[in-house]
Each structure stands twice: as structure tokens, then as C-alpha cells.
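Next come two complexes, and both contain subunit A; in the first it sits with subunit B, in the second with subunit C.
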Partner chain A sequence: MIVLAALAVLLPFLGAVGGLLLGPRLSPAFDFTRRRGPELFAVVPVGIMTVLTGIVAFQQWWDPGVRDRVFATVPTGTMPIEFGLSVDGLAAVVAFMVGCVALAVQVYSVSYLKDEPRYSSYAAFISLFTAAMLLVVYADDLMVLYVGWEIMGLCSYFLIGHHWEEAANSRAAVKAFLTTRVGDVGFLLGAIVLAVGAHSFQISTIMRNLEKIPHGTLVAATLLILVGVAGKSAQFPLHTWLPDAMAGPTPISALIHAATMVAAGVYVVARLYPAFVAAPVSLAVLGVMASISMVGAACAALAQRDLKRVLAYSTISQLGYMAAGLAVGAKSAAMFHLITHGAFKALLFLAAGSVIHTVGSNLLSEMGGLRQAMPVTFVTMTIGYAALAGLPPASGFFSKDSIIEAAQLTAFHGGEIIEPSINATIPGWVSWIVYLSLLGTAALTAAYVSRAWLMTFFGAGPDGAHEAPPLMSRTLVALAVPALVLGFFGLGAAELQPHFGSAGLSLIFVAAGAAVVVLAWRDDPVLDPARRLGPVRTLFERAFYVDDLYDLTVVRPVRRLASVVAGADRTVVDATVESTVPAARGLGRLVSLPQGGNPQTYLTGVLAGAVLLVLAVVALT
Partner chain B sequence: MMLILLLLIPLVGAAVLAFLPGRIRYGLYVSGLTLLAFAVLACVFDYDRTERMQQDVDWSWIPALDIRFHLGVDGISLPLVGLTVLLTFLCFVYLGRHPDKHPRMLTVLLLVLEVGMIGTFLAQDLLLFFVFFEVVLIPMYALIAVWGGPERRHAAYKFILYTLLGSALLLVGLLILGVNAGTFDMVALAAGHGTGLSHTVQVTAFLLIGLGLAVKAPMWPLHTWLPDAHTEAPTVGSVLLAGVLLKMGTYGFVRVALPALPSGAETWAPYLGFLAVIGIIYGSLACLAQTDLKRMIAYSSVGHMGFVLLGIATLTPVGVNAALFGNIAHGLITGLLFFLAGSIKERYGTGSLEGIGAGMLARQPHLAAVLTFACVASLGLPGLAGFWGEMLALVGAYRPGAGLPRETFVTYMVVAALGAVLTAAYFLRLLSRITHGRRVEVAEVADVRPLEWVAWTPLIVLTVLVGLWPKALLDLTDAPVRALMGG
Partner chain C sequence: MHATYPVVVSALLFSIGVYGVLARRNAILVLMAAELMLNAVNLNLVTFDVLWQDRLHGGQVLTLFTIVIAAAEVGLGLAIILLLFRNRQNIDIDRQDALSEGNQ
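Then we have the complex of A and B:
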């Protein structure tokens, strides 16, 4: 079975290599299939991979337990790196979700990027992205995990910058890579601290040796890993790359936001959860980080003019939900939300892609009234929005509710995590912040979802809109099913069942948030309900000016420092070296003075020397 | 005898050519034959005992001073020799299409250069090591001075004077070491781990040897000859300079200074580490502000060699493994980068980023793709060769050798890791500036030519293979490194 997992990682990787190397030259070779070669190379390996992850997940469900194998041991001079994989229930389910979303994205892209000249490299990077994410999910070694972790960053760079003709896209790609790289460096250092502390790079061994690691080391390691999580999962303060990542083609957004990249951050926290539980300080930091991210991003989503940016900020906000769940000990609930979010966010982005495909613009103000022209997109996107807002019976309701329930319990117990397998306490005020942020975000989410939904599908809109091509709309239907029903799969587990009290309370918040927007919209359906925000609208739209702050405090000083260093290298370091040239010449001239070639000078010298010697002899005797 | 053959083939090849009219193609055959000899060596090499000196050649050379002609190869030397013969061969492949002036002289010089480089990595006697170390200087000087760019004279003088000064210190240091230890044999010196050498002798000898090697490496602030030399050197000169010559410095640390002078190393390691991390940050920042492609790659070498030196300064097996890994990775990747820079400069007639302009991906998609690959590899992407050396150096710095200040080295680790972010920043800036953007028409738009593909493909393939399978290299170096470090 572990071989199947390894094959699942390997297949999309090989597909990517083949697609990159052979590219469009594949077309004539596969002419007989009436499909272009690059498309086969893109879809088939990912398809088989999805089946393999499905088999792995099924086996795991049929016969639970941890399966692992080390394929190679790499000596390093200290503890070795183990090239190994490990599959447990969590890894199996997440991998299957990744496989399904990746397949949906590949199939959808065949139609979406039909006339794209660089389709084969685009599809290859999606496959590579998927392989890297699966490596993160299955890896049993921190360094192997890190390989996948950072290759994803690279793929996001290539895919966000797919239309590199525009300088803005190129900038967005660089920003995504560099911001996540800052986090990655934190992650790498954290991994090293953790591994050296536990004397192994192997995750399973580290988790067994946790009590041997000094508490301070553990706190440092988990906090450093959180830096990486913030980078990948786009949490405050390293979240700024995600909204700009909208520069990539829309299916890429679905991939990055739903299945890969951002999911990796929270997944890694779950994977290393025992280490975090043993260092509750890190859990508290995670809780605060999550609260700031979810509320701030939800506010920002409320005022965006671009549909994709609304969804981007909603991703930050929803990842905040997952991180908050992990902070209050609700690991299963958080992972449940990761899965349901994967389904409904992929659906929302692909549906948004259909809308943008038709309208030809990302701006909400250009859309409207599309419910008649695009019935499939309308219905599926409504399901997605319902799940995002947490309306029953859509999947998001169940997963959100179980997180809120856990946060409520923790807050009511003064921060003590009420979970039989977890023995940890976070500060009481943190648990209250988390709980209240969750409720507040529920209302804010309902508000921005209603605004986007109303502005896209109701009111007056553009003429000539039409439903997306069948390959695209069918993908939407295929994703709408899990987005709708996935919540019921959690009913089997006690901690994932909805509870009357917390569910009722959060639904009140949802209703309130939606009601405010609907009322504002009904006054004048042509205008943007966000106008009611008044003066704070710009603040929200610019996402609290965090980007400008970073530009001022990081980007510009580094640039200035760089030019100072480059200048100093010439004028100080090198000038010192070069100054030895005149010095050496001067010295040479000085030493060569007595050797002027004039016999008279020589004779005078000899004479003077003799006189001096005589005088010295006389004086000394 | 394999090792003698490895030295004789290029040497005889060069000597014969001195009397015969010849072309680049002749050099291609000779270096190809050398590569073949290396392949045979790699086949007969005993991979179960990588820590042992194999294929020993031990002849008396200057009996009066007990200086011997002693060659040997172990798991540390083997990859470096392989890198040398491969890069030299690829240089000749690359030159095949570029009829330069004085092809015969160029061929002779490159072959002599190859003899010196191979010899440095094989020598097991301090003075023999020094002789080979010096043999490379003259051909490299001539390469820069004759085939270089407009400022070639200045750059060539600077290169040779600076490195000669380093060599003088190195020689004094080697003599102090050899005379006090009573032997010039490097195997015996390494096995002795500094026994019989007083602390003062060790500290003095390490300082002198270290300074000599640090000029070559190059270590900040002794690096300023490098950007000038690289900017002016012809493409093959740059490739061999960055790909092999810089490694001779760090190799010397691993082979001579660390094992033979452990107590001296312990005294100087914190300073070495300090200068190494300064080099990482300084090199990266300098890269961010460069406007010339070759100059930028030259400064990036300062940063990368900083990681290698940091690994050495940790005085741990993992750090030294990191250094050796970093050596090979940097040789492959920066070799490729300089090949690319040469080809770009040849096509555009300028190396300045301004002059190259934007939109290379649209104009020459393959050339831009290979450049992207090389940059990504150089910024240390996991899964490609550049990553493992840097990562292991950080591991070493987190837990440095006994007797070293831990807090200091942990600080080095954090600073070096931040340097990795800056490294990514300048390479992405480069890619953004010249590969992205709209197509700008220029006179010549030739994409990668067949001969260039032949010269570059081995480097690309090896970068990927070594990156995906670091075990191949670490299996070779781990045992000898542990033996040298006395573990």
C-alpha cells in the first residue's frame, strides 16, 4: 500500500517532467486519439494518481493503522535523513481530497485554457504542484516534507506568473515566492531545531521522543514552524501574497486555495500536533494569529471590488478557522473543515472562473443578473456560497460548527482544552478571543458572501452572457456534490456532530450578517452594498495597508542597503586592495633610489659608509 | 596508475600540441579521453571503503627534504576530480562552435589548467599539493589576459597578484605545519590529528594556511578579485574559475587545515564562521544591486561559498559534508550559469541587464527556460543540488563542534538562513527583469544551439539527479569526512 502512495507521488511528477520536456511536440504523436498530447499527459497521470489515493484512503478506512516504509537512508554526518513515507487516516483522506481537486482542476483547465499556447507547461506545473503536495502529505521525514513544501512555492511562482508578459503578474509571482520563502526559512530552522532535539529527522521518531526534548527547545521549534505555516497558509503577518496571487489563471487559484499550498500549512500543524500540544505557548500564538487573520481578512473581503479577491480573502479567513480549531484542540474538526473547504473553495473558484470567462472581467460591478444565463453556474455557486457561509445542510455548516463548539468549550473552561487525548491549557483570554472571533467572522462571512452572490447573479447585468462549455460546467456539478453532502460524513464521529447550542448561536450571527447586506442591497440593487461601510471602506479594501507598511519597512530598506553594499564594495573593500598598487609602486621607487645607475652616487655612498664606519670605530673605542 | 594516467593524458596532450598545429577539436578528444579515464577510475573505485586512499602512487621526489610524489583518491577527492574532468570536457564542447583567436594556445592552456586542477585534488603531499595549486594560476591568468573583455589586463593582474599573495602565505603555513610535524605526507598528517604540534604552532599555521585558502575560496573581505576576474574572463575561463578553482580553497580546508590542525581550527572557527555569514549576506545584497549579469553571478558565488565556509567552520562531520556537497552543487550550477551568461552576452553583445532587456521567454524560450532552471537551482530549491549543502550547513551550525561557542553559531545559522531569502530575491529579480515582460526585438534571436545543448545537458541532468538523490554524494563523502574529523 505504501508503494501505491509512492506511485501516487511519482506519477504526476513524471507527467510533469514529460510535459515540460516534450511540451507541444507531443501533439503529433498522439494525433490518433483526437486529443492533443499535452492534455493526455496532463490529465491521465493525475487521474491515475487520484484513483491510487482513493485506494489508499479506502484501505485506510477498511483497516485503520499507520503504514510506513523507509525507501533509503541518507547519511549526513549526524542523524540520517530517511527517505520514507507514512500513511495514517489523516494523510489518506487529505491526499484523496488533493487528488480529487487536482483532477478537477486539470479537467477544467483543458477547456479553460483551450487556445493557450503555453498550455503544456501550465499543466505540467499543476502536476508538479500536486506531486509536491502529496509528498508533503505522505512524507515521514521533515526534510522530505520540506522538499515538497518548497517545490510548491516554486510551482505557485510559475503558475501565478503564467502570463509573465504583464509586469504586474511577474511582480505578484515574485511576491508570492519571496513571502512564502520567508516563512519557509522559519520552517526549515524549526525543523532543524526539532530534529536535532529529537535526534532524528523522521517525524514518527520525533513524535515518540517528544518528552526527551527540553521544553524551551520545543517552544522555539514549534514557533519557528508556525512562521512557515503563516507563510504557506497565508496567515497574518505573512498573508499578503495570497490576494495578489489572483494574477494567475483562475483554475490555479482553485488549486492553490483549495487543495495545495495553503492547505499544507494547517496540515503540517496537524501532522506535528503532539509537538504543539506539548508546547501550549505555540498553540496560543497560533490562536491569536488565526483570530487576527480571520477577522481582518473577512473585513477586507467585504470591500473588495474584484470577485477573485473576495474569494482570496475568504480563503485567508477560512484558514484562520482551521488554525483556530487547531489552537483550541479541535484537530479533527479543523481537518474536517480543511476537507470541506477544499471542496467548496475549489467549486467557488472554478465557478468564478466560468463567470469571468463569460463576462470578461473580474470586477463585481461588471457582473450581475447572471442567474438566468448561467443556471448551472448559479446553482453550483450558490451551493458553494452556502457552504462558505456555513448554512445547513451544506458541508461548511458541519465543519464550522464543530470548530465553534470546541472553541466555546475551551473558552468556558478558562482555556483548558476539553479533549480526552490532549492535556494542555492555553491562556483563558486567548480562548475567548478565538471564540468571539469565530462568531464575529461567521457574521462577516455571511455578509461578504451575500454581497458577492447578489452582485453576481441578481440585478442588471451584461448582455450576451452564456453558460460555460460542458467540460467546465460538468466539473462544477461534480464538485458541488461533495460541497453539499460532505458534512454528513462527519456525523459518524462524536466530535464532528452539530450541537444545538453553538449551532443555533452561530446561525443567528450568520443571519444577522446576511440580513444587513440584503437590506442595504434592496435599497438600490445597482449600487454596491459595501458603500454603507462609509469611511472604513477604503481601509478594508486596502486590507489595512499592510502591504504599504511592508513596502516601507522591509522592501525599501533592503533595496537601499543593497545599493549601499554594492557601492561600498567598490569604494571601501576593493579600494583598499587597489590602494596597495600606488603604495607598492611608491615603495619600489623608494627602494630603487640607491640603484639609480650613476657610479658617482655609488662611490659617494661607499665613501660616506667608510667615513661612518671610521667614526663609529673611533667613537666606540 | 590510474591517477598517473589521469594527469598524463592532458599533460602529454598539451605537450604534443605545442609542436603540432591543432584546433579545439583536438582538445575535445584529449579531454574526452581524460573523462574516459575518470570513468574507468570511478568503476574500479571501491565504494565500500571510501575513507581509504585508493590507487595510491607514492614515489620519492625530493628525498633530501622527504618530499614525495604521493597521489591518492578517496570519497572526498573522487567527486571533485569528476567535476573537473567533466567541466573541462564541456568547455571544449562549448568552444567547438566558437572559433576564438589562437585556438591552439587556448587548447594548451586549458589542458595545463586541467592537469593542475586534477593534481590539486589528488595530491597527498603538502608540497605537491602546493605545486599543483600554483600550476593553475598561469593558464588562468593567460586566459583572462588574452581572451578576456575590455578591462582584461587589469583583471588578470589583480587575479594573479592577489592569489599569489595568498599562495605565499599558504606556502609558509604549509612549511610550518610540515616542518613541525616532521612529515609532509597529508595522509599521515590527517591521521595524526595534530599530535605533536603545539597550540601556538597550530594557531599560526592555521591562520596562514587559512588566509591563503580563503583568498581562493573566496572569503569576505578577500573576494574583490573575483567579480573583476569573472566579468572580464572568457566564458570557459569563468566556468572553470567558478566551477573548480574556487573549490580548491575549500577543499584545502577540508583536506589539510581541519584534520592536521584541530586545535588551530578550534581557535579560528568562530572567526571563519563570522566572515562566512557576512559573505552570505554581503554577497546577496551586492547581487541585488548589480546591473551586469556576470558580475551578479560572481557575487552570488561569494554568497554560496559563504555557506560552504560556514559548514567548514562548524567543525562537525555534517558541516564538512555540507561543504563538500555545496562544492559540487555550486560547481554544477554556477558552471551552468556562467555558460548561460556567456551565451547571452555573445548574443546581445552586452552583459548589462539594461542592454539585454525584457521578454527573453518570448524571444528565446529555451534559453530563458534553462536560465530559469539554473537560477532556481542556484537559489537552493529543495529537490535540486543546491539545497542539501545549505541545509546541512545550517544543521551543523545549530550544533557546532565541541569547544565552539554554541550561541554564536546559532546566530550564524539564523543570519545565514535569512541570506537564503535574499538569494531568492536577487535571482527572482533577475528572472523578472530579463525573462519576463513583453517581447523586445533585437538583431539576433538565436535560441539554444545544438552544441550548447550538448554542453549544458549533463550539468542540468546532474543538478537534478544529485538533488533528488543526495545519497549518491553523501555516501561517498560521509565515511572519509568522519575519518578526517576523528570520529
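Then we have the complex of A and C:
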């Protein structure tokens, strides 16, 4: 089975290499299928990979247990890097989710980017992205995991900057790359500290040797890894790249937000969860970070004018949910939310892509009244929104509710995590902050979801809107099914079943949030309900000026330093070198004077030299 | 015979040769001057061979050797001078300054 997992990692990688190297050249060879070569290269490996991950997940479900194998050992002198994969239940399910979303994105992109000249490289990078994510999911070695982690950063850079002709897009790509890079440094250091503490890079060995690691080392390692998680999973304070990453094509947003990239951060915390449990300080930090991210991002989502930015902030907010779930010990609930979020966020982004495709603009104010013109998109997107807001029976309700319930239990027990397998206590105030933020975010989520839903599909809208091409709308339907019913799969596990008390409470919050927006909208369906926010609106729309703060404290000082360094290079280093030029030139002219071209002159010189030498020898001896 | 006479003659011959190589303009005369220098050396070789009664007559052997080399050298040199004349219509050494920097 582990071979199937390895093949699942390898196939999209080979597809990417093939697509990059041969894609456009194969086009004539595949004319008989009426499809171009790159599309086959894009869809077929990812399709087979999805089937493989499905088989792996099925086997894991049929016969649970951890399967691992080391394929190669890289000797490093001290701790060898074991190139191995390990599949447990969590990895199998997450990998299957990644496979499904990646396949949906590839199929959707065939239609979405039909006339794109650089489709071949685009599709190849999606495949590479997917391969890297699967490597992160299946890896049994911190360094192997880190390889996948870095390839994802690279692919996100290329894909966000796919339309690099516009300066804003390539700036967004650079921003995403640099911001996640800050986190990656933390992750690498954390991984090394952890590995040095446990004398092994192998995750399973590290988890077995946790007691032998000094507590201080463990805290340092997990905190450093959290920096990496904040970077990849777009948590405060490294979240600013994600909204800007909307510059990429919409299917890329779906891929980054649902299956790859951002899921990797949360997944890594779950993967290394025993280490975090052994260092509750890190859990508390994770909880605070998650609370700030989810509330702040939900507020920001409430006031955005751009549909994709609304969804981007909602991703930050939902990742905050998962991180909060991990912080209060609800690991399975958090991973459940990761899966359902993958389904409904992919659906939402692809549906938003259909809307943008038709309307020709990202701005909410230019949309409206699309429910008649785009019935499939309307229904599927409504399902996605319901799941995002946590309305039963959509999947988001179940996963969100199990997180809120775990947070409630922890908060009521003063921060002691009530989970039989977990023996840890986080500070009581942290658990309360997490719990209240979760409830508040539930209301805020309902509010921004209602606003986006009403402004897209109701009221007056553009003329001439039409349903998306069949390949796109069929993908939407295929994703809407899991977004709707995935929640019921959690009913089998005791910790994922909804309970009346907490579910009712969160539903009250959801209803309140939605009601406020609907009431504000009913006054005047043409206007934006966010106008009721008044002066706070600008604050929310600019996401609490975090970007401006970073601009002021990081970007500008760095730029100034860069210009100082560049100036020093010009005026000191270059000038020093250049000032020697006239001297060297003059010297050269002087030295070349005897080179007159007449060999007799040269011979005279040689003779004179010989005579002088002889005289010198005679005189000195 | 005292060794001074042939040595002085050879020194004179050599000096004339040096002067010719350094000062003459005509390439053929320069070649001849070089021959003069070679012959000055030959004279020295023969002189000291006789003077020291060398049993193996190394000086004479070497002289013959030099003469052969000189013949070959003259052949080569004259060929070069011929080619030079064909290409440039002169054999004036002062004017063969292709090796100069070009700015003089």
C-alpha cells in the first residue's frame, strides 16, 4: 500500500515534469482526441493519483493502522535523513481530499483557461503543487516534509504570479513568497531543534522519544514550528499574503485555499500533535494566534468589496477555527473541519470563478441578481455558503460544531483538555478567549456570508449573464455533493457528533449574524449592507491596517536600507574601482611606449640588458 | 700562434654582425650580419679546438654542425624574405611594424 502512496506522490510530479518539458510539443500527437497534449498531461496523472489516494484511504479505513516504509537513507554524518513515507488514518483521508480537490481544479481549469497561452506551465505547476502537498501529507521525515513544504512555496509563487504581465500580480506573488519564507525559516529551525532533541529526523521516532527531549527544547521547537505554520496557514501575524494571493487565477485560489498550501500548516500541527501536547505553552500560543486570526479576518471579510477577497479572509478565519480546535485538544474535530473546509472552500472558489467569468469583474457591487441566470452556480454556491456559515445539514455545521463543543468543554474546565488521550492544560483565560472567539466568529461568518450571497445573487445585476460552460458547472456539482453530505461521515465518531447545547448556541449566533445583514439589506437591496458599519468599515476593509503597519515597519525600512546599500555600492565600491581606471590606463600607455613594432629596437634592448647584466655580474663579484 | 689574434678577429666579426643586425635596414643584409656572428663563433670554436688539442675535436665537429644549421637557416630566412617582398613589395625592416600597438 505504501507503494501506492509513493506512486500517488510521484505521478503528478512526473506529469508536471512531462507537461513542462513536452506539453506544447505533444499537441499535434493528440489531435485525434480533440484535446491538446498539455490537458492530458494535466488531468490524467492527477486523476490516477486521486484513484490511488482513494484506494489508500479505503484500505486504511478497512484495516486501520500505521504503515510506513523507508525507501532510501541519506547519510548526513550525524542523523541520517530517512526518505520514507508513513500512512495513518489522518494522512490517508487528507491525501484523498487533496487528490479530489486537485482533480476538480485541473478539470475546471481546462475550461477556465481554455485560451490561455501558458496553460501548459500552469497545469504543470498545479500538478507539482499537488505532488508537493501529498509529500507533506505522507512524509515520515521532517526533512522530506520540508522539501514538499518548500516546493509548495515555490509553486504558489509561480501560480499567484501567473498573469505576471500586471505588476500588481507579480508583486502579490513576491509578497506571498517572502511572507511564507519568513515562516519557513521558523519551521526549518523548529524541525532541526526537534530533530536534534530526539536524535532523529523521522517523525515516528521523534514522537516515540518525546519524553527524552528536555521541556525547554520542546517548547522552543514547537514555537518555531508555529511560526512556519502561521506563514503557510496564513495565521496572524503572517496572514497578509493570502488576500493578495487572489491575484492568481481563481482555480489557483481554490487549490491554495482548499487543498494545498494553507492546509499544510494546520496538518503539520496535527501530525506533530504529541509534541505540541507535551508543550502546552505552544498550544496556548496557537490558541491566541487562532483567536486573533479568526475574529480579525471575519471582520475584514465583512467589509471587502471584492468577492475573492471575502473568500480569502474567510479562509484565514476558518483556518483559525482549525488551529483553535487543535489548541483545545480537538484534533479530530480540527482535521474534520480541514476536510469539510477543503470541500466547501474549493466549491466556493470555483463557483466564484464561474461568477467572475460571467460578470467580468471581481467586485461585489457589479454583481447581483444572478440566481436566475446562473441556476447551477446559485444552488451550488448556496450550499457552499451554508457549509461555510455552519448551517445544518451542510458539512461545515458538523465540523464547526465539534470544534466549538470541544472549546466549550475546555473553557468550562478551566483550560484542562478533556480528551482521554491528551493530558495537557492550557491557561483558563486562553480557553475562554478561544471559546468566545469561536462563537463570535460564527456570527461574523454568517454575516459576511449572507452579505456576499445577497449581493451576488439577489437585487439588480448585470445584463447578459449566462451559466458557466458545462465542464465548469459539472465540477461545481461534483464538489457540492461532498460539501453538503460530508458532515454525516463524522457521525460515526463519538467526538464528532453534534450535541444539542453547543449546537443550539452556535446556531443562535449564526442566525443573529445573518439576521443583522438581511435586515440591513432589505432596506435597500441595491446598496451594500456593509454601509451600516459606518466609520468602522474602512478599518475592516483595510483589515485593521496590518498591511500598512508592515509597510511602515518592515517594507519601508528594508527599502531604505536597500537603497542605502545600493548607494554605497555605487559611491564607495564602484567608485573605488573606477578611480583606478585612469591610473591603469596611463600606466599602460607608458609601458607600451617601447613596443614600437621594430624588432631591431627590441633586439637593441635585449643586447643592452645583457650587457648591463654582465657588467653587473662583473662589478658585483 | 698566440690565441689573441683569432679571438680578436672573431670578436670584431661578432661586433660587426651585432651592428649589422641592429642597424641595417635591408633584411638580406641583416641575414648576412647574422651569418657573420655565426662565423665569429665558428672561428672561436676552431681556435680553441686547436689550442687545447682536443682529442675528440669537439670544436671542429660543432663548427661543422653550426655550418649546416646556418645553411638551413639562410634557406629559411631567404624564403621568408622572398615572401615578405611578394606581399609587401619591400624588405625594409623599419617598415615591418605590424607588431606595434597600432597607435604609433
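Here, the second predicted complex is superposed on the first by the 562 of 621 C-alpha atoms of A that agree within 3 Å, B and C clash if a C-alpha of one lies under 4 Å from a C-alpha of the other, contacts with A are read in each partner's own complex, and residues count from 1 in each chain.
The rule is short, and it goes like this: a residue touches a chain if its C-beta (ideal position, glycine included) is under 8 Å from a C-beta of that chain, and two chains touch if they have at least 3 such contacts.
In this text the structure is predicted, and so the values were computed from the model without any measurement.
By the touch criterion defined above, A:559 lies against subunit B but remains apart from subunit C after alignment on the C-alpha atoms of chain A.
Looking at the shared chain after the overlay, A:596 reaches subunit C, while subunit B stays out of its contact range. Judged by the touch definition given at the top, the superposed model places A:464 against neither subunit B nor subunit C.
In the superposition on chain A, contact is made by A:170 with subunit B only, not with subunit C.
Contacts of A:577 after superposition on the shared chain: subunit B is touched, whereas subunit C is not. Within the superposed three-chain model, A:492 lies out of touch with both subunit B and subunit C [touch as defined at top].
In the superposition on chain A, contact is made by A:569 with subunit B only, not with subunit C. Of the two partner chains placed around the shared chain by superposition, subunit B is the only one that A:189 touches, whereas subunit C remains out of contact. In the superposition on chain A, the chain among subunit B and subunit C reaching more residues of subunit A is B.
With the contact threshold set out at the top, not one residue of subunit A is in contact with subunit B in one structure and with subunit C in the other. The touching residues of subunit C, when paired with subunit A in their complex, are 18, 21-23, 93-94, 96-101, 104. Within the complex, the subunit B residues that touch subunit A are 158, 162, 221, 223-225, 227, 282, 285-290, 316-322, 359, 361-362, 376, 381-383, 387, 391-392, 394-396, 398-399, 413-414, 417-418, 420-422, 424-425, 428-429, 432, 435-438, 470-471, 474-475, 478, 481-482. Those residues of subunit A lying in contact with subunit C across their complex are 592, 595-600, 603-604, 607. By the touch criterion stated above, subunit A contacts subunit B in their complex at residues 72-78, 81, 83, 143, 146-147, 149-151, 154, 157, 161, 164-165, 167, 170-171, 174, 177-178, 181-182, 185, 188-189, 192-193, 195-196, 558-559, 561-563, 565-567, 569, 573-574, 577.
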